[in-house]
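Going in written order, the chains are labelled A, B, C and D, and every chain counts its residues from 1.
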Amino acid sequence: MLTCSIVGATSFTGTELIRILARHPHVKIGSLTTRSEEKIDARDLVPALGKANDLVIEKFNFKKVARDSDVVFVTLPHTLAMKVAGDFYDEEKIVIDLSADFRLHRADLYEDWYQERHSRKDLLKEAVYGLPEIYREQIKHANLIANPGCYPTGAILGLYPLLKADLIKHDFIVIDSKSGVSGAGKKLSQATQFCEVDENFGAYKVNRHQHTPEIEQTLSEVALAKIDVTFVPHLLPVNRGILSTIYVRRKPGIKKDKLAKAFESFAESEPFVRFYGVGKFPTLKEVQYTNFCDIGIEIDDKSDQVIVITAIDNLLKGASGQAIQNMNIRLGFSEEAGLIGV
Amino acid sequence: MLTCSIVGATSFTGTELIRILARHPHVKIGSLTTRSEEKIDARDLVPALGKANDLVIEKFNFKKVARDSDVVFVTLPHTLAMKVAGDFYDEEKIVIDLSADFRLHRADLYEDWYQERHSRKDLLKEAVYGLPEIYREQIKHANLIANPGCYPTGAILGLYPLLKADLIKHDFIVIDSKSGVSGAGKKLSQATQFCEVDENFGAYKVNRHQHTPEIEQTLSEVALAKIDVTFVPHLLPVNRGILSTIYVRRKPGIKKDKLAKAFESFAESEPFVRFYGVGKFPTLKEVQYTNFCDIGIEIDDKSDQVIVITAIDNLLKGASGQAIQNMNIRLGFSEEAGLIGV
Amino acid sequence: MLTCSIVGATSFTGTELIRILARHPHVKIGSLTTRSEEKIDARDLVPALGKANDLVIEKFNFKKVARDSDVVFVTLPHTLAMKVAGDFYDEEKIVIDLSADFRLHRADLYEDWYQERHSRKDLLKEAVYGLPEIYREQIKHANLIANPGCYPTGAILGLYPLLKADLIKHDFIVIDSKSGVSGAGKKLSQATQFCEVDENFGAYKVNRHQHTPEIEQTLSEVALAKIDVTFVPHLLPVNRGILSTIYVRRKPGIKKDKLAKAFESFAESEPFVRFYGVGKFPTLKEVQYTNFCDIGIEIDDKSDQVIVITAIDNLLKGASGQAIQNMNIRLGFSEEAGLIGV
Amino acid sequence: MLTCSIVGATSFTGTELIRILARHPHVKIGSLTTRSEEKIDARDLVPALGKANDLVIEKFNFKKVARDSDVVFVTLPHTLAMKVAGDFYDEEKIVIDLSADFRLHRADLYEDWYQERHSRKDLLKEAVYGLPEIYREQIKHANLIANPGCYPTGAILGLYPLLKADLIKHDFIVIDSKSGVSGAGKKLSQATQFCEVDENFGAYKVNRHQHTPEIEQTLSEVALAKIDVTFVPHLLPVNRGILSTIYVRRKPGIKKDKLAKAFESFAESEPFVRFYGVGKFPTLKEVQYTNFCDIGIEIDDKSDQVIVITAIDNLLKGASGQAIQNMNIRLGFSEEAGLIGV
């Protein structure tokens, strides 16, 4: 059995990885690490683990993790991830990096949007963007998988079938996304205090969220043309889940059936995409605690407006579930292994 | 002192009217009525009323209300409101109807969208749409005021300065709205059960919500042209508040300053509109329990996209607060009377 | 492989049973039934089921269920459950009834508290109360298992070690419980509408909740003496979980260590009980989506007051998880089968 | 018109004071101060203030506040409050201190429970405990009013009528309280992050909360005997409100009527106490945004157990509303001035 380790095991996404790996049928857990000195019982973070479970999260030690692991999941904040993921890659491990550090192909874009220097530009062309629905073939052979951001996953999967089949115009794509609070991570912040979020709702980083270039890069690769989007994220008073309402215009003459068909075929061929049809839409409840991306659409014949609504669990299909899906693909397992009935 | 009555006092909007009228400086409360047989102590619905308050909600009796009242607020469900509001209008009362029954000028549109026959078509041309920011002069003399819907209020106020000054294109207006649950009223429903709504989020009536024609009618009057919109409402797991994220395209050559200026002037001249500027946005907390409509905007120079975000309290500026504002205008009071420090 | 059916599969507890049974290693699902005419795709209720899953919930048909099943879970409302559970028992099935109908040994108590006639009094002495921590030996041979109520499970497990070892006085036992809303089931009700529950909190059925005699019956059997309790349930604005704060007085001379030791031994021997120690307490987060009952205690030396806090997931250890635990015991499986990593 | 200032105007309680004082009929606002350097527009904290309002919160300056003010509200954290409140008292201002610094008469108790030295012990005997229902006469003449804690207010008002009339035993008083998150103040903390609190519930500081001696001191004064209590606070996933479920035993021979009568008389004579009767109980909704303390009781004839449930808004009757009530008493205004229809 191959062994997986998690560097950054106490984050929300690290914790989800523990939960899934603990009952994955084909791999076992090696090292779980943290930046703090203190040892942590994994059951304190994942209370659903059985009483017999004795996994311990320990201070990060590169050599120990390298020795123990075939696969290393890195869930560190961006810029910290860069170095660690790079080091394990150099050590010939299979690295799945959940940070933003290897998602953008162009270092200048990264440095613009994240306002940090990139120290491993050499790896940008090695890294494969880990969205299985688009890059499955490359993922099969990748040793550095850049796991997509949560917003990009929901946004791209809603637009992919339309752009792929050339059904929509390129010049007016609006993505209005609403995310649960766990998307902000565990870092202490006034903006995520209960009294601030509870009974509240609002937009943030309007048209300047750092996930924008990631969305545009992937859509441009799909459309074989430069795609710009208007992306507005909002903060929902819920723990987990992202719902994106996407507005685009169909090309002249494209019939409703053709649009629906594009999504139907997509969902049929993908283990983790479900299509609800025209006029039927998912809510967060349908995807929470699952690795699915659920999609519904509507078409306004009057204006040629197409409305696509996608829902994902930001910690699963938007992060850790997708990371496991990538691992399954890379290691040749069933893509659903460990991910059904989460 | 003039006397106001509320027909439908036990609804969420009726209850808000009691709360505001109980401390309004210039009017007193006459009758509070309900469709049920049982008398209800108003303090059971508005616990903030003082212990000395002895208002009672009683079974509706047309003659009694007509005798008691100068102003009648009708908060009945649509189609029920039609008859009652009409009867009080015939009796020469000032009627402020919070239902949808007199908002649309065209009976055929009403009958299409609401799937009900309109029995008082004769009054559709008498009724004034009670959005003070646009129709203040007409409201001053109206005896039948059709108080706007909650979604239309937030949507229209975000678009009015742009259309009025002819700054945006007419052909691609998207309104992505998110509403608290009180907007659905008190009627028992599976969709508004706690276990359904809590930690959940989703769209409903996508592109077919009955508030669509109301928005289009008013925007068309402002723009002096037929305006169509794409309107997608969503249900938020919060009690009150509506946030609308509106996407439009500016006309060629319109500068950022000009767009900002349009909102600044609007807010300066309106007691209940506040403008946050470019790149600053309200959240629900800023408007809950107030009669304000708060607005912020962003402009994407690349795509000419203008993003307008408006926030209101659906029960106040979106219903009962606006009804009082209309009453204040009609009776010649300060427009803020009873509405500051709600 | 033995086959399990669920009569009442669309209830919250029925849905949880589907979720667990779908990945149980040692049994397979037979019939899933409902009282409505319409067929329901199980994936609509349990979105985490894989795309390949084709379980369908169908109109109840006694013969079909009887033919298909070795074990029948009944999650019908009380009084309806009575007949159906009885019929399957007569048919020599293993019946696990999640309703209240067979929990009380005395028909008169049942009829008093539930205000309904009991039509299968003959089975009251056959039924075994399915709380494994106390009645494991009887459960091993029972064909009619009365699965405990949610409140009783959390309350009894917090008092059992103390009464068993005779460490506390019998005459002043207070159980102050707080439950999530799913405990009320799916029935439409004003009291469980979002706008009623959200941001609210209150007690209900103070000192007259129908779970009181169930708690007293079991504690009396443990203490070998008549035990009365004061039981006050409250409704929390959360989906799932029950936290009970229990106040009792230790007997003279009982040391803190002895109290702690009683809980430690209990937790050591039980797969689904975890003890946090003196001065450390569980919150709902630690038990949600698990089958554990977590316990912490405090002792006030001044007053001899012992405070016991227990937490469970009302739909798992408080209902469906416990039902599976009972099935595992009855069928000789590992008690944890299907229940770790829920 | 007298002038009131608030030292610590940006805290939750400071903000509530601004809101109430801004529409108080008999006083005007002088200085609003903060510890930070930056000026803050009061409308940013109290969005319900009218557009014309131009109150500004400025860096604290003792001389300026002293010059401007007849009454000074201090809402600083404990130990900081001590010095500031003392200084204004020395300057012969009327000081209403919302911190814990002057609530306990005994400096040793303070130093034990708060683990801080008390630097103004000389004032402990000058300070009057500002619970109007018990100390109204002393408040009329007090220049240093120690405004009660939120938990003590709800707990004491539920026990006062019983102890005053000598209806209950002294030796087993349990107070099980549940508080909204605003009770914890605005200080950034992991324990009050949204993802921690949302959908969660638990006890904290079990039997060692610093409000315990404050409750015991007041109850002992009422009972003319040493009273000990068991006090367990819990954190609710709501913004505001405290509900306390209190368990006591009546003395032999005390009838249900006599218990009810004690509360009825209490409520009749108090402007901000409402009694629901036997078997009827308040929830948080009834008191949120009001200055009321609502009370309901139940009696268990079998065990002589009396259950008292009280509800308050922790920021109003539990803090700022009560501070205004104290000011009204001290200045000879109607006790309800500014506090009805909050």
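Quick note on the criterion: contacts are C-beta pairs under 8 Å (C-beta built on N, C-alpha and C of every residue); 3 or more make two chains touch, one makes a residue touch a chain.
All of these numbers come straight from a predicted model, not from anything done at the bench.
Looking at the partners of subunit B and subunit C together, the chains they share are A, D. When the C-beta contacts at A-B and at A-D are tallied, the pair with the greater total is A-B.
The most distant chain from subunit C, with centres taken as the mean of CA atoms, is B.
Distance between subunit A and subunit C, defined via averaged C-alpha coordinates, is recorded as 37 Å.
Inter-chain centre distance (subunit A to subunit B, centres taken as mean C-alpha positions): 39 Å. Chain geometry summary: the mean Cα position of subunit A and that of subunit D are 47 Å apart.
For subunit D, residues touching at least two other chains, in rising order: 196, 198-199, 237-239, 285.
Residue ranges of subunit D in contact with subunit B, taken from their complex: 19, 22-23, 47-51, 198-199, 271, 274, 285-287, 289-290, 292, 294, 336, 340-342.
Those residues of subunit C that touch subunit B in the shared complex are 12, 181-182, 186, 188-190, 192-199, 237-239.
For subunit B in complex with subunit A, the residues that touch the partner chain are 171-172, 174, 176, 178, 196, 199-204, 206-207, 228, 230, 232, 234, 236-239, 241, 243, 245, 247, 249, 279, 281-285, 288, 298, 300, 302-303, 305, 307, 309, 311.
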